[in-house]
């Protein structure tokens, strides 16, 4: 059991049942999710001690959100409750040629006003093995960027391994700063990055032509950086994808097998499940295992409704081993 | 058939099924509602031509909101679509001694940025018999207050009867103005007011001791004012209420019968159903009929799930006549 | 265990969930029900051998209808399957002051074309203790009237007790005959009638002023008649009724206790549950027991969703005994 | 924005949830649909002014049907309300090798008694760009055939383009006329036909061996005819189809790409979505665009539950462009 | 914040939706509940540190049960996971005159094999203010009786206040022991008892005629006993109850107000909510407050679906204060 | 119409909706199923007279279980009702790479205490054409093994054809006997076996290397044995399987076509549907037809939710004929 700290916003997720469109539905499934907490939940399911840091409104729905994380095994004792609103996202599940659609209503959520000084960092980081952040957080507000930077500095002071999922999204970053004004400082404090060449170009304001050159550039620029990992996804349709991943150290590259996924139940959070699996693998095993475990976790997530993986370590290992795929387990 | 213009915000209403609490639910019923549009919908159901004026986000959920009004018979051709968010309210239905609970998440909705200059007032108000506004709108933003004032001025220019539901809510009015800085100008342009002494005191910054003195004060202060109406509700529990209403002109007072309501299905929008019924009654009949029709509409709404009445004129008239209460109609 | 034969149409019942109105619903609960089969089902639940005679379409939904009767314990072996449509009724559950509403779409159903010559009467009626019919059947078509008359004649030939629920409904009787052209012949072959003075007046074309005089008239006119029973219902609202009943022989009158019923879950079929209970009581016990058992069955039905009672004999007897009302049974 | 008039029956559609069979279900999803109104709805969603002409029962469910069309953007002001029943169809969704199954209960619906003299043709057809009819309507009753013929004559008088989907169904045509007694007169007034060789043979009482000869025959016989279009569907299973289409003028033939569709969410209405797309394309653009837009609309419909498309023009254009297939849109 | 330890079985609760009967339902709501954990959950909702001690099967449903307690705020770290089955209870909600019905399938659950030696008592009881047990646990098996006795001895050693709900149920106690062989030893170690005269008679093998004499006998027999509390419930029907309670010390008696409860949403767990409220009151305030807080909690539970209260301290206090009953809170 | 007797346990099946995991669900679909009764149900749907022999608890859920069989066409008159519990199985539907998962809670069910002496064998077996048993029954208890043996002996006395599905499951067989101590005696009385080489090895304690040698061994050892049948399944994923089957007599082997099944709706009971189809085929037709009919039935079951096939003979024959696959039937 490792101790891992994740940080980031957790939103109220509202989605029509089955394949209904927003226009026709009269009912919404209600869940909670957010990229970093999704990663944390996967890790908590595998018996790690995961602390998630975030802020919720101090009303009934904020408390339900925290309770949901707690149910999933997250240590929620450091979560802050403040006056304000919860970020919301509306998800319409696609099918066949029709794309899934997400409408965000997350502006001005309480989390965007997070103040890192409200957290007891000594207690939170004591004995911690890993910290996980994503590029979504510094995109939300200056307070969120400061919060992220503070965590990473404190983690580096204590030799805690820092995992970061760059996860560039152009429709965030509305508070006046450009990614390349904020991200490089965070990346310099990160040891394992999940990133594509597009992520690197957006965060560093570079123009790398391909992943290979971006990877080389990143290893060159960031001396703390030990691993870069990248997923490859082929979208035949909303219902049918193929995915694989690679993990690169400065010396080696490790490839996962490819998964053929059809019909997809829920694509949201599959990258987070992969990230969780990779962190688990790197904290407890060799790189080749880590990339296979991560990809198997990511593949399995396509079969689970909701934002989070909810699969045990044994279930992932069976997929890694290629055993009993599609058999009924009794 | 009369032509009636209503104006105000329409929110996304999200409520757990049955009597579930926010903390335990995993599903939300999805509807759209707002005080003034609820009034308009009741009137549209009785075959009046009702134009509702509001602003929705120009995304799928905004379009679904407009379509919902359209389905209910509202003329939606003048609704504006803009970038922004839709106001949301979460409703937890109470039962027995447990109160119903509403959590608002309506700040910064697109409607709060409404610009009255975007509407074609000549076309909207041509041939209009009545305008209906409520005190919720001017409480939301300066733009909303300006919008309301503009409509009322234009209506008065054209000798259109103006109905206003003062509907004071202390937790709105967050944009820097006090109700008494805004409301008196709007009330001076209003011919029929739905109000209690508490509403008058809050809107006029007065300290009337009871409804009678408030009523006298209002008739004295506002020369255009023809009728004041007020509902009386006794809450035995969340599931059991008694309601009645009175309508006062400068000379007379008309009382409705009292209704004993148990077990209540949905209390939200019952005041709006009453307002709709009163408007219908005053536009088409005598005051005594109007207060009975209004109260019957308000009583019936307690049996209908959602924000809006969805009952035909014939159904209301049966209640007014006291016929066949509780019989199965075949 | 007695052997009882019931006859009549079984319709597809479609009703919105909870208290939704037809206008707003997007889902319909699907069940099967019909007055006489409801009576038969109550009796089958109390371990009697009940044969129901009807006709269904020979398609999937007709087969599902028969299977539903079979599930509920009815002997369905004599049901006919023919080309045609199934009668449908749409039920909107009322609440508080709002009435429940039924829309019938039953014209030209396969049952209206029933041919009594298709049934093996020897086998059906062998050893039969009682036959139950209602005034709905002869109202549907000449074929249905002929069918009813044939059953009653065959039953009388074999000294089988005939129960009939007059159940006059003005919106049926559309095939050219008046009730008084058809009903008297059927009533003359009936030993126990469920009827009000209104039923007698409509079926006999009389103008009795009250139940007492109608009862006297009926006993006078029909020499086979042994019992007349009548229920009394006070509708405080759709959610709150009070009911009681009486059973009159030529010499005596037996009264049930009164039940106060609130909040009502489903009123449909409560008269049928009463009829079933009365038949059970008269076939197995004394008149005073019969009227109490019948009324207890009728009262209990108000708590069960759907057309049919689904309560065991023990449950009814507990209500008759007034024991453990409202306790949790473990 | 074009003005388009569609005409035809709209039925109550009742279908079990998920893949349940009629025999096992206890719940039915409730929607409204009909081939021509489905076409109209697709066009209304793309901001055209669409008037649909039909008749509904003047009860609550008839009003809900009209409200549903209105919600979807249809101009319902000319719909007639009469005493009678609404046509019903029961739909059981197939899967894998199991076929979908439709049970019709539409005989004697109010629409079959439609009287064209009740419609204000001057107002309806003023400024109209296109009329759409299908071969289902004249199959229902003599009144329906007369109604169709009247619309087409009036449209031709005004030089309105007429689109017709021959849509031959052998289990309709029960009122004594054969298709070839009725259809040729209607086809002679039609400018764009959706038809296969089977449709031509049935409607014209011909025996063309293949589509090419049927097409030649039709162009020869009908001098007004400008385009013939035909879809090609390969059914691998209920869950997996491949579709493409062609559009032929007298001089040219235009082919769409082929779509591979799996797993299918709802096949009903996919031909109507195609028809809507084709009409939109031909009214606003070139033939090659029209056939691609139509086929993309038809393909997308396989992913949307219900009878109607509910997809925006932008969504169709993305499919036509082959962009972002299967990506999550944020 | 107090530290409280509760102990007892938590079962899988399965109940049909709305008022459906077991015979007709096709769906079961899934929850987890058990008398003592229900008490613990109420206390955890009021911000106390509550440890619940129990055993679950080490499979997915056992883990879901623990996660459910964790979600509700319980400290689940000491729960044991073993091979075996989870106890199940099926609950059919009654209505009006129809009783609710519980079918237990709890025999041989893993909890019946609980071994007190598997728990770390030092850590569990350190700093604990109160322990809560009920008479259900020692009724289940000798192991469960031993487990209870061990906890009470350890608690008494540490001067922890012990609360016990005698809760006699005749259909448990199947392992060969009689209540009076087991219960007196446990009662002797208990400081606050929830009990009726019937409970005392069954547990002590006495024949007290009424509560007063049973109370006197108990205070006489058990020198550690400080308070006895008893609830009074009048069942007008399954939907309508009246409840009140009293709390007796050796010197005084404190009475709560009476609550009139209709229509009841869910009666299960109302006694547990009362017990939780009483414990909260006695640990933090005076006896009169405790009995009022307890009864208000018990009353509120009738409005919440499921086994547990899920109401905040503020909500209970409002009921105690009699404020805003039945108002909508915004 | 043949008369067929099946015997075995019928369990309560509880499964989360859609693809939800046990950990996240709040609702369970409720059905009843068991291997042998599933076979019987398929046969009853094809109009055979099927008697199923089992024991249910004499409470409401036991009665609901019997009613469910009765609804599906089974003759339930010989079912025993006793004190005890019903076996339960929890089913989590897998998807893509995630396996389906079954948790059994069937120990000590009433069926395990079945006593063959309680059944009237003369009446049950009179005129019976076939008996069907499976290897699950003798695995449950000595009583169940004795029950099976008794049925087979009585059947053989009367020259009834015995079908047996060996269906070896290692996690059953917990009552002290090994399969090879029990199964050979049962197999010696069986004329048609459904078995793989693994089944033979486990039941006979042999070590055959492949199906061919196992088959030869079985034909050699069991002189009554006429046919052995075996299904072949390739699991590409939980959502995608390929299946085919063969039927071997002592002289010949008959192969079915292969079916490609995606996306699978419900795999449970597909082997039982195959068995039912094979029995139907062998009782009414030639071996080649039997294996095709069986495999078509098995393939179709993958599209039907629940344990049982619910498809008519005509539907199976269409699949056998390869007609109209994936077409909408109107």
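For clarity, chains are labelled A, B, C, D, E and F in written order, and residue numbers in each chain start from 1.
The criterion applied here is as follows: contacts are C-beta pairs under 8 Å (C-beta built on N, C-alpha and C of every residue); 3 or more make two chains touch, one makes a residue touch a chain.
The structure presented is a predicted model; accordingly, all values stated were derived computationally and were not measured.
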Co-neighbours of subunit C and subunit A - touch as defined: B, D, E, F
Partner chains that subunit D and subunit F have in common: A, C
Selected interface, A-F versus C-D, where C-beta contact pairs are more numerous: A-F
Chain centre separation in whole Å, for subunit F relative to subunit C (CA means): 41
Interchain centroid distance [CA atoms averaged], subunit B/subunit E, Å: 45
Residues of subunit E touching at least two other chains: 18, 21, 23, 26, 67, 101, 262-263
Pairs of chains, among all present, that meet the touch criterion: A-B, A-D, A-E, A-F, B-C, B-D, B-E, C-D, C-E, C-F, D-F, E-F
Partner subunit E, residues of subunit B touching it in the complex: 18-21, 23-24, 94-102, 104, 169, 171, 235-241, 262-263, 267-268
Sites on subunit F touched by subunit C in the complex: 67-68, 70-73
Sites on subunit E touched by subunit F in the complex: 14, 21-23, 25-31, 59-61, 63-64, 67, 85-86, 88, 90, 92, 101, 103, 105, 107-108
Residue ranges of subunit C in contact with subunit E within the complex: 18, 259, 261-265, 299-300, 302-306, 310-311, 315, 318-319, 324-330
